[in-house]
Structure formats: structure tokens, C-alpha cells
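A short worksheet on the structure shown next.
Labels run A, B, C and D following the written order; every chain starts at residue 1.
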Amino acid sequence: MQIGMIGLGRMGMNMARRLLRGGHEVAAYNRTAEKVRRIEAEGAAGADSPEALVRLLDPPRVVWLMLPVGPPVDEHIERLRPHLGPGDLVVDGGNSDFRDDLRRAEALGAEGIRYVDAGVSGGVWGLEKGYCLMLGGGADDYRRLGPVLDTLAPPGGHMHCGPVGAGHFVKMVHNGIEYALMEAYGEGFELLRASPYGPHLDFGALAALWNRGSVIRSWLLELLEDVFREDPGLEEVRGVVADSGEGRWTVREAVRLGVPADAMAHALFKRFASQREDLFSDRVVAALRRAFGGHEVRRAGGGGR
Amino acid sequence: MQIGMIGLGRMGMNMARRLLRGGHEVAAYNRTAEKVRRIEAEGAAGADSPEALVRLLDPPRVVWLMLPVGPPVDEHIERLRPHLGPGDLVVDGGNSDFRDDLRRAEALGAEGIRYVDAGVSGGVWGLEKGYCLMLGGGADDYRRLGPVLDTLAPPGGHMHCGPVGAGHFVKMVHNGIEYALMEAYGEGFELLRASPYGPHLDFGALAALWNRGSVIRSWLLELLEDVFREDPGLEEVRGVVADSGEGRWTVREAVRLGVPADAMAHALFKRFASQREDLFSDRVVAALRRAFGGHEVRRAGGGGR
Amino acid sequence: MQIGMIGLGRMGMNMARRLLRGGHEVAAYNRTAEKVRRIEAEGAAGADSPEALVRLLDPPRVVWLMLPVGPPVDEHIERLRPHLGPGDLVVDGGNSDFRDDLRRAEALGAEGIRYVDAGVSGGVWGLEKGYCLMLGGGADDYRRLGPVLDTLAPPGGHMHCGPVGAGHFVKMVHNGIEYALMEAYGEGFELLRASPYGPHLDFGALAALWNRGSVIRSWLLELLEDVFREDPGLEEVRGVVADSGEGRWTVREAVRLGVPADAMAHALFKRFASQREDLFSDRVVAALRRAFGGHEVRRAGGGGR
Amino acid sequence: MQIGMIGLGRMGMNMARRLLRGGHEVAAYNRTAEKVRRIEAEGAAGADSPEALVRLLDPPRVVWLMLPVGPPVDEHIERLRPHLGPGDLVVDGGNSDFRDDLRRAEALGAEGIRYVDAGVSGGVWGLEKGYCLMLGGGADDYRRLGPVLDTLAPPGGHMHCGPVGAGHFVKMVHNGIEYALMEAYGEGFELLRASPYGPHLDFGALAALWNRGSVIRSWLLELLEDVFREDPGLEEVRGVVADSGEGRWTVREAVRLGVPADAMAHALFKRFASQREDLFSDRVVAALRRAFGGHEVRRAGGGGR
């Protein structure tokens, strides 16, 4: 089927490619033209503006946004809006907060424009293996997207999760789980490494072992096989972990809904801590210990004790 | 090759079966004779005592223990010891504390008897899919076990993790990770369920979706597909989770080795909490709130506040 | 000085009393008239509506709201607004979200009405010992409130924390700390109780001991002396702990500001858990254990196994 | 009464002083003689060996050990043992593991020598304000120590907590609570600091405020008044926090006794993390993010990403 793709970053570019390879007719726009040229070379119709992209599509149109979270999505929707009409369908496949979906769907709906939110998982492997797609919106709109979803996802890899917002909500929880799973493996390997058995253990081989029949086998652990084989002690990596909106929103929603979420919250807070040189809370505790116990503290900037 | 199996519980029985099907010569002993008869019917040589089992084996012998954690292992080793000699090899495949391995290996080693500890993962699925085996002990002893390990494990599913204790240490960490992974999925589904989208979500279908291309796909999530398809709201299950030695030892070792392990510790502590009606700590907090704020508390045994 | 008090609940009534005893001229309004009559009997001028209360005050007026969190504050501000004018000052002493302060201050400010947010701690003990008051707003407005603050607080017990919102923000953090402190004591006493020494320990005496020279002495621990002396095993209390907006907002803000807050988040999540019979996450884990390990689960509604 | 003091470190020296000022007859020994001379100058009888100290005391003797945790306690007990006899009493006032008390009491008891374990809190402030003393052992032995306990502690500041081990167990839990309390304040001030109100807040004044009527007032918060007044941004302190045996043992015991202890465990784990430059678990997570998402990682040793 025919589809317009806006945003040709790491994810959008690969999705456009997978759609082209699947025989779809793809019109594509990206802020920097160089990427438009690249996807044109692979068979897409390139557009130099969102407006131009709309003109390349026959109504009723489908426009899929793969943009960085936040203002870019609203900005592009605002630019598209005057050029879209009843029956057209906007899909937000970025990592949006589900609360923004509700607002956007309402605004577009006032003009008869449909809106679907799509949570997309699969990372850089999606081009080859397919993306896992979590969709929120009307059942008819989901059905309408069927052909592109079938191409983007591996068999069984897309699902209508509920009304508008459901796709990004489910994706948000997915990422909360992802944070906690990664932390679980991280703790395990750290404990092994600190043990007397650590120096003799080949972590790449161990990850491979665990992926063969153990209870904890998973795709993340398969990735760890490669990670450890390339850099057994992770000497090339610093323990600084960025966090994204979804990790934060998961905890925000857990708090709002009254759901205990220690594992997901801890995985998030640990990333916060990894981003700092030194936590003020730790300085408070160190200073307190000195105050009541006469314990020495390490002085900032000094070689310390 | 020839091997003696002591302990025909859920795990031992299936391992004996897998070995028999793999063409090995298995002698088997179990405290209750009924299970011995059962495995005899499948081709094993049955023994009515540990001593009798030893007599069924040609030296140098291999005796594999699959016994409940704790005293049973030591008791059986004590019974076997006078009947074993230099070159014989005892494998403890149960869920032992790695510190007990060190002690046992030393005691047996004084008489020239070899000792290997084997962490075994795979649960009830191991009979069909093979077990993931983590071995600790001498390299020669590991090599000697090769034929049975190749049969018990799927391809690539066994590994020499280091000297005595390494197998159970690695298995212990494996279980610590397992606890934390399970908690991660648990929190995620609880959050979904509490959300406005929860009532409309088919959790079995969602688990299946996530297993098709998402970052969080795993064997545990495959099990959850079946779990939710059979009982979508888990109405048949109470939220009471038993814990085992390994979960506790992981946290003990993290504390001893100075390794942060919040995720694994929380997963353990949450199980502790699930086993209680009411936590005393919560009563302390409720009573304190009343004391300073005049907040009402729910009275024990009463319906009320 | 002259002040209008709206809301004569547990906190508002006692604060009105303390102001009257301190020689201030108090006009008071409460939705249920009975409480207005009661404070009239102690010297206040009673009003039967917010409007009537305004009329009892000479401009420039000070009206202090002590209302339940949420809609009631906005509703009362809306009713007061047409009757107030430039130079009048509204103080919100309830447990408001600091983000609501910003909105309210802006709306009132458009008409020249001043706004101060006051975080109030001290609970039911404040009448006797004084309240700890954290104020946000203009420095002039803070100074103007000086006489009533000096009466309400013990010496040194009020502070200008910053611009509008600062009072409730600081109070919010105060409550986050409070949650975590309470949890710390709760865990400690639970651990003592579970130990072999537990049955012989007099917790009231121990709390009293710790308050005499130990590092962990505190007002909360003083309250625990009384709590345990009255009900040593807390047999009369159920471990169900309510949570309030401030506990939730603290974690929300920590997430928003990128600050690790495991202790405060855990104390909140533990309250959530205490409010449930059974956690869905625990059911997920129990069902998973059964699925891979053949472990039995306790069946809902049954006597369990 | 007459008492022998072994160990004149920060704690032992001050306790000897407080005993001397209280009119007791103190014999004192320390490994480095210089400290013995110092306390002699304040009225003690100095000894140059444990044996000499015993000779300075009239039977039945009381010898109080204030030694670093671990081997030193056992070493000194072994040296004292041949010189002590039935009716003599050894008090271990150091930070011992309560499990060592059981072993020591049994060994000494075989020769009729009594043993009492004393948990001591109060830090460097104890000399002036008195120590909080938690005693384990026989009721008669506790009574016998009455005169020195009355001097060392403030009024009401000592308690018989149970049989041998109870003193150190209660002290251990005390320290677990202490860890969690400190973390609670640490998180609160870190959150304030990260907020828009942070730059304008005087933390010393705020700690002082909260100590005047708020629910979270405590001795630790009083110490924070001074800490922040001296160094408002804690610029002079690095966020590296040492941990001690008691913090670890608390979590170990919680695990052993099946008691949820997230707050105490987290406070401990956070100290572990503060002691490291970089956590391996964070490197695992960072490497995993790169592996599935193509996210850049910060390279070790480099300035960059």
C-alpha cells in the first residue's frame, strides 16, 4: 500500500527500507535532505517538505511519523494538518508519552483526521528481523494499516492494544520492563565478576551457556554473548547510562496508579546515579558519619582518604 | 558411559530418563523404592541402597546426586564414602550452597575421591529440551563427565565454570538473575492491569506479541504466553511466592563481596513479603501515622479502619 | 493581628485555637456550622460562608485556608475571589501540590491579590508544641504574616523557603523523608521481632533506650515509645498504610528532576502493597515458578498448599 | 567500682575518661603505650600488657574491651584467659558480630568466666552526653555492671536486651536503621538541591527549621544543622561512604530470617556503589543499550561518548 514516512533517523530509515523491500509505495521526508536522497536511491519518492509529502499521496492518506520525542512531533503535525483532510490517518511511531496521544487525537479528530499511536520495539535489528508493533487507536484504523504492519513486523508481531494511547502505554511498560531486565543481568555479572571465580570466567561463553536451556535465556542475553566476546571486561565502555522518557513515565504512571514498581524505579534511579560523578545524598551521609562518629571523609578534589 | 544416579525426584528422574534415552548405562537409587521400580522399567539398574548402587558400578565410578538441598546431600555422601575409593567421582547436581562444596570436596579429596558441583537449570522442561549445566571442579573431572553432559544438555549447554564451587556459585547467580527477571515482568503486567487499558488487554496475546521481535523477548515470557492463555487474570493463583536457598545466598554473597544488588534483593524481599498476611513494619508505620497525625488505622480482626 | 481561617478540620481547628490563645483576632468559617460554633465559644468570630468571613475582616485582609487537598482549595478560592481585592493575601496551608500554587498565585495575582503557600508539619501535637511552617511567596508577604507565624510556630519554627511553591515543595520533600524514616524504623523493629531475641524484647523500653543517647533518636522514635507501651505487639493495628499526595509527588518530582530516590520510592510503593490483599506481580511470579519448575502454587480462595 | 579497660581508641579513651570523672577506679591498657600514659595523667592506673592489667584488678574482675572489630577481640580474649578465673567478667563493647559473642561466651563459660556483649552508640558525643548501651548476657552480670553503666549512659540509657548476643544484635539493628535514616535525609536534600528552589535554600536554616516542631526532627538532623552551616554545599566532602560490619550483618540477618529489608539493604548497597568509580552493572547496561539500540556509549578513559 501507499504510505508517507516522516523522519528518516535510525529507526525511520530502516522502516522505510523494510517497507520498500516489502513492495510498498513509500513517500519520504526528512529535515536534512541527504537522507531523503538516500532513500530515493532505494526506491522511495522523496519530498522536500511535509506539504510536498502529502501531495505525493492519494487520499485517504496514511502518514507515519518517526520523529524524536517531544516538540518535533507536534510541530510536524501542525505543519501537516492544513494539508490533510477527513479520512486521512496520522500514525505516531515515535516514543511519545501516551498522554500526548490523547491530546493529538482529539485535535486531529476535530477535523476528521484519524490518529493511531504505534509503540515500536526492535532497535537496529528491526530492519532484518522485523519490528514488534503495539498499536493504539480505532479498530478500523488498525485494520487499515494491516498491510504495512504485516511487512514491518515479523509474523505475529503487531497487535491492537486498545484505544488511542494504548500503543504507547504498552510500549512504555515494555521499556520499564526492559530497564529492569537489563539491570538484573547487570547485577548478576557484577556479582560474578567480584567473586573469586570471576577472574577465570569467560562471560561471553557463560552468556552463551545460559542461552542454551537455562531459565534466564533471552534475546538480551544473546546480545550479551556478542558484547562480552568483543570486549570481555567491558573495558571500552563507561558505566554511564542514559535514560529516556519511557523509563521515567513508567515510574510516573506506577506512582499515579498506586502500583508498587521498585524494580523498574530502581533501574531508572540507578541510571540517574550513573550519570553523576558524585551524589549529593552520599555527601550528606559521609558528612553525617563524620559528624557523629568522627569518621574521616574523602575531601573533594583531594587525593582523599 | 556408566553412571549412578541418587535421588529420583522431579529433576533426578527426568535426568535419569534422558541419560537412558541417550544410551547410557544408569544405576539408580531413591529412598522410596517405588520410583526405583519406575526407572527400572525404563531400563535402569535399580538399587535399594546407596551401597548397593556403588556395587552396581565398575570403578572408577561416577555417582551423581540429585537430592534436596541441605542435610540429605551430606547424609548420602557419608553413606557412600566408605564404599568409594580413589578415582571415584561424586557429582552434586542439587541446589547446594557453594560453600558446602568446598567442605565436601576437601573431605572426599582426603581419600582420593573426586568431587564436582553441577548447577542444573531447565526445570521440568529439561527432559525434552535438555538441561543447562554449570560445572565446578577439576578440568580432568569435567572432561571425564563429557559423555553424560553432552546427553543431558542441549548442544553447547554445559560449561566448566572453574574450580570446585564455581558451578553452584554460577547457578546461584543465575537464580538471583531469574528472581529479578520474574519480578520485572510481574511489575510490568501489574502496571498494565491497573491502567485504563488493562481491562481490554489480552495478556496472553501481549506476551506472544512481545516475543515476536521486541527487546524483552525471553523464555520466561514464552512461558507467560501459556500461563495467561490458561488463566488470563491469574484468578487461580495466589500471590504467595516461595523462595529458595539460592535467592537468599545471592544476596548474602552480594553483601559479603560489597556488590550493590538492589534488584535481586528486592525480588527476594518481595517474596518474603508475599508469604506474610501483614508486615510488622507496616503496622509500625500505620501506628506511627496515627500517633502523629491522628490518622485512623485499620484494626486487626475488624472490618474497619 | 487579624486573620480569617477557612477550614476547621483537625489541623485548622487547632491552629485557630493556638492563634486565639496567642491573642490574635480570628474569624473562622467551616462548611459544617457545628465547628464554627465550637471555635466561637473559644473566642473566634464565626462566619457562615466564605463571603461572610471576608466581611468580618478589615482590608488588607489575610485569609488562611486549611482545607483537604485538591478541589476544595480551588472551590474556596473561587468563592473568595470576587470579595477580595488588591493587597489582600490568601495563604494555602493545606497539603497542596506546589504546581497548583503556581497556577493559583498567577490567577489571583492578576487581580492584585497576594498568595502564600504554607507547608505545615506537626500533626495533632502542633496545638501544644507549635507547628513547623515552611513558607513560599513574596518576602514582603512572609514578613506581613510574621505575628501569626510567631504564634503558630515554636521559636525558630517558620522559614521563608523561596518564591511561590517553595513552601509546599519543601513540605513535600519533608514528607518524602518522613515516609522513608518511618519505613526505616519499621524494618528495624520487624527484624528484631523475627529474631530469637524478639520475644523477650520490650520494644517500648527499647525505643526509650534508643532515645537516650543513641544516634537514631528522634521525635518519631519518641512516639514509638508510647505506641509500643500501649500495644507492645501492635496487635490492635493492621499493616495497612494509607498514602497521601505528598508521598507520591515526591517520587514524581524525583523522576522529573533525575534524582535517585530509592528510599522514598520504596516507602511509597510499600504502602501501595500494604493496601492490597495480593499483588498481581506476585501472582505472575508464582505462576511462572509453576510453569518452569513444576512448583505448586497456592490457589486463590483455597486453603492453599 | 573497679574496672579494667582494654583499647583506648576514640571510643575506649572517652569511655575511660567518663568513668574516671564518675569516680570509678579504672585500669587501662592499650597497644600503643602513649595513650596509656595519657589516661594515666587523668587518673587511671596504666598497664603495659593485658596480663599486667589483670594484676591491677581485684577478683572478681571486670574487663571491658573496646577494640576494633574482628581478630583483635579474640586475640585479647586469648591473652586474658589464662589470667582470669571463675567469677571474672569480660565485656565486649566493640562492634562485634553477635554470632561471635555466642562462641566467645561458650569458650569462656567453660572456665567459669562470664561474658557480656555491649552495643555502644553515641559516637564522639558520648563523652559529654553519655552513651546508649545495649547489653546482652546474664541478668546478674548486667546488674553487676550497674554502677559503670549508670556512669557511662545518660539517665535511662542502658538496657538488658536479652541473653548473650542480644546486645550486639540490637546494636546491629540500630545501625541498620541508622543507615536507612541517613539515606532518607540524603535523598531529601538531594531532591531539594536539584529543584528550582534549591539554589535559594539555606540548608542549614532548613535543617534547623525542621528540628523545630516538624515530624522529621531528630538528632541526625541536628547534626546536619552544623554540617550545612559549616559547608552549605558540602563542597568539602566527597560522596564516598564507608560501610561497616553492622550494616552488612543487618542485611545478612534479614535474609536469613526472611524479613523484607529493602530500605536497609538499599542504604548499604548505595554505600557500596559510592565506593566505586564505575559499576560493572552499569557498563553491562550501557553496552546492551548500544547493542540493541545503536546508542552510543561513553568510552572508558575518553572524554567523550
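Here is the rule we use: contacts are C-beta pairs under 8 Å (C-beta built on N, C-alpha and C of every residue); 3 or more make two chains touch, one makes a residue touch a chain.
Each chain and its UniProt protein: A, B, C, D = Decarboxylating 6-phosphogluconate dehydrogenase.
Note that this is a predicted model, so its numbers are computed, not measured.
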item: Inter-copy rotation, chain B to chain C, in degrees (Cα atoms; steps of 5); value: 180
item: Same-site or different-site touching of chain A by its copy chain D, using the half cut; value: same
item: Pair of chains joined by more contacts [C-beta pairs], C-D or B-D; value: C-D
item: Chain separated most widely from chain D, comparing mean CA positions; value: A
item: Geometric centre distance via CA averages, chain D-chain A, whole Å; value: 47
item: Approximate Å spacing (C-alpha centroids) for the pair chain B, chain D; value: 38
item: Computed distance of Cα centres, chain D from chain C, in Å; value: 34
item: Where chain A touches two or more other chains at once, by residue number; value: 123, 183, 185, 187, 190, 194, 215, 220, 254, 258-262, 266, 270, 273, 279, 281, 292
item: Contacting residues of chain A [partner chain D, same complex]; value: 10, 123-125, 182-183, 185-187, 189-190, 193-194, 220, 223-224, 226-227, 231, 234-242, 262, 270-271, 273-274, 278-295, 297-300, 304
item: Chain C partner contacts - residues on chain D that touch it in the complex; value: 121-123, 126, 129-132, 134, 136, 153-159, 161-163, 165-166, 169-170, 173-174, 176-178, 180-181, 183-185, 187-188, 190-192, 194-195, 197, 200-201, 205-206, 208-210, 212-221, 250, 253-254, 257-264, 266-267, 270
item: Partner chain C, residues of chain A touching it in the complex; value: 215, 243, 248, 251-252, 254-256, 258-262, 265-266, 268-270, 272-273, 275, 279, 281, 292
